[in-house]
Amino acid sequence: MMQWLYKLGSPKHFYQMTSATLKPLSWITGVLMMVGVVWGLGFAPPDYQMGDNYRIIYLHVPTAMGAMGAFVMLALMAAMYMIWQIKMADLISKAIAPVGAWLCTLCLLTGSLWGRPTWGTYWIWDARLTSTLILLFLYLGIIALRSAYHSEKIAAKASAVLALVGVVNVFVIYYSVQWWNTLHQGASKLSASNDGVNPPEIWIPAFFCGFGVIGLYLLFIILRTRVEILRHERHSQWVQEMLLEEADL
Amino acid sequence: MTQPLIHTHKLSCERDERMLFTDLELTLHAGEAIHLAGSNGSGKTTLLRILADLNHDFTGEFSWQGKLVQHSPMAHEDYRLNMFYLGHSPGISRALTPLQNLTWFCALQGIDSENEEQILEVLRIQGLAGYENLPCYQLSAGQQRRVSLARLFLTNARLWLLDEPFTALDKQAVKELEAKVSTFVRGGGSVVLTTHHELRLDCPLRELNLDHPAQTLHEFAEEGR
Amino acid sequence: MSRNDRLFHPILATLQRELLLGLRNPGAVLNPLFFFVIATSLFPLGGSANPEWLGSIAPGVIWVMALLSVMLSMESLFRNDFEDGSLEVLLLSPQPLYFHVLMKVVGHWLLSGLPIAVLSPLLAYMLALPTVGYYPLIYGLLLGTPTLSLIGAIGTALTVGIGRSGLLLAVIVLPLCIPVLVFGAGLVETALVGLPVRGIASVMGAMLVGAVIGAPLAISAALRISVN
């Protein structure tokens, strides 16, 4: 196990080990998404309350989970980089930040599409929407800080510190936004949460979509990390040899 | 044989995908001075900043009196108390007066700063009598440099790391600084300095040229033993 | 000197130096205050002078403006020290950097956050805030602005190596300040409707304690990264 982790910590081994996983992961993700989306959008029965509108949650919920999960993973990578100076952790966190920001954006977009027919408006200052918006701001700050530095080493360390400060803060932010929302009642009265028990025809496709988006998210991160590895290791022997081999083929 | 003040083992530093130096073995005993030579960009400043514990982007080890500086908090504090670093920037605030700047410096270094007389005396030696209470932005570049160098007369450090200390000084001041460094080294202090100026020190001085790769560095290490 | 003197004397010297620097450069101290007053006065001009409307937005406006003024004042915290090399002297001091940066932030707050809290009743009056809101506004600001300074100092330390970084500082720091803003303005609004505010004040106090303990760690780490 330790050996395996140690190997993942080396850019060369990470690159080689992920090479083999790319194809199966893409297939699994593709199948999950296809089944989930076709079943969910095409065949699942309409909701007795919201009609067909609810179907956006097949994308909305997984992106929301992904956006938050990505931030925790970003902070974990930042901590690993700061404590053990594992270069791989930084390359991964560099790859995660934009993916997380996109998931946040998608979550907000699908949320507002759902909000229009449900609440009658594309945007309300609902606690969850607001928290997601602030999470997006945090992602943008981390991306902006990293791109402001010319030196990659300083950029890596500075954005790791910011990610750690951000993850400590993110819980306080969620709590404060919850509280703020109860202080300004009104908005939350509109939230039409469906507490009824959903039939399996509704939630099984949601599972497919959920795992599909997770697969997609892993795929993006792995692909982006591989690009970062190539860029970072472009002068090393193994990359040069690999490129020569591919040129020969 | 006495323990060296500073010893580096396999010290290597890479910057922008270029090795500045590899496997540097540098030994410095009390009462020795080293002149870091080399062309622009050869890594003189980087090496000094590594030795000053400001730059941590290196591989290898670096110990102070036999203890690794990075890993031992005690050695760390001891090192901070005994090392004086003069960088490119003066390290004095332009908005404050020479007296205020030096009082703060003394407080940080644990030098008895109740003794304002001592600071005034040092400023007098530096030819800054009458300027003690003017904000530093009213002083000339050379005068500001002298305020910065006045710290050499106040610190109790046993090791000085001086990066281009002669910049912006007039001939008289250069001579005085050379004399100060010589006296310090003869009295058991140690100095590592960089300069493009022709050094005239009255004390043992070795030269380490960073332009020449590993080979010279090993010879240098032998010479140092 | 005893062990305590060896720590306290140097860090008090850093506090003293910070205050001296502030007094030597009155512009850096006064400009954020002027901004606070001027920008707040824009709301009646851009909105309406109707006291009822002004009174309803006053807590939020004053808090947002206080937040922005603190952020504007933060840039000067490490900038000059970075440029003239004093920051290196600080980093190389034998004492833990933690206490030095804490003292720098305290010194900076005494000249930025504290005057804002002191000035706030004036603006509250101009914005027709009902009088029950005055005390909660002032002690909310007294509890909240040090937290803002500490959070802002993390951002300043992270960006001090990048030339003109005012906007970048705002982008990375403002989201982190949201909880302070929410509870600070919420404290006043809760008081306005006559509900107890002790709980909210405790939360703000807890955030301040957390920031005092945690932020200097992040600031020190960030400074060591920036001065490399």
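Note that the chains take the letters A, B and C in the order they are written out, and that residue 1 is the start of every chain.
One rule holds in what follows: a residue touches a chain if its C-beta (ideal position, glycine included) is under 8 Å from a C-beta of that chain, and two chains touch if they have at least 3 such contacts.
What you are looking at is a predicted structure, and each value in this text was computed from that prediction instead of being measured.
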Third chains touching both subunit B and subunit A: C
Chain nearest the overall C-alpha centroid of the shown protein atoms: C
Farthest chain relative to subunit B (centres taken as mean CA coordinates): A
Interchain centroid distance [CA atoms averaged], subunit A/subunit B, Å: 49
Subunit B and subunit C, separation of their C-alpha mean positions in angstrom: 37
Chain centre separation in whole Å, for subunit C relative to subunit A (CA means): 33
Residue list for subunit A, restricted to those that touch at least two other chains: 153
Shared-contact residues (touching 2 or more other chains) in subunit B: 57
Per-residue multi-chain contacts in subunit C, two or more chains: 228
Residues of subunit C defined as touching subunit A within the complex: 154, 158-159, 161-162, 165, 168, 171-176, 178-179, 182-183, 186, 189-190, 207, 214, 218, 221-222, 225-226, 228
For the subunit B and subunit C complex, residues of the former touching the latter: 52-57, 77, 80-81, 83, 85, 87-96, 100, 103-105, 107-110, 112-113, 135
Subunit C-facing residues of subunit A, complex: 82, 134, 137-138, 140-142, 144-145, 148-149, 153-154, 157-158, 161-162, 164-166, 168-169, 172-173, 175-177, 179-180, 183
Touch list for subunit C against partner subunit B, complex: 1, 6, 9-10, 12-14, 16-17, 20-21, 24-25, 80-81, 83-86, 88-95, 224, 227-228
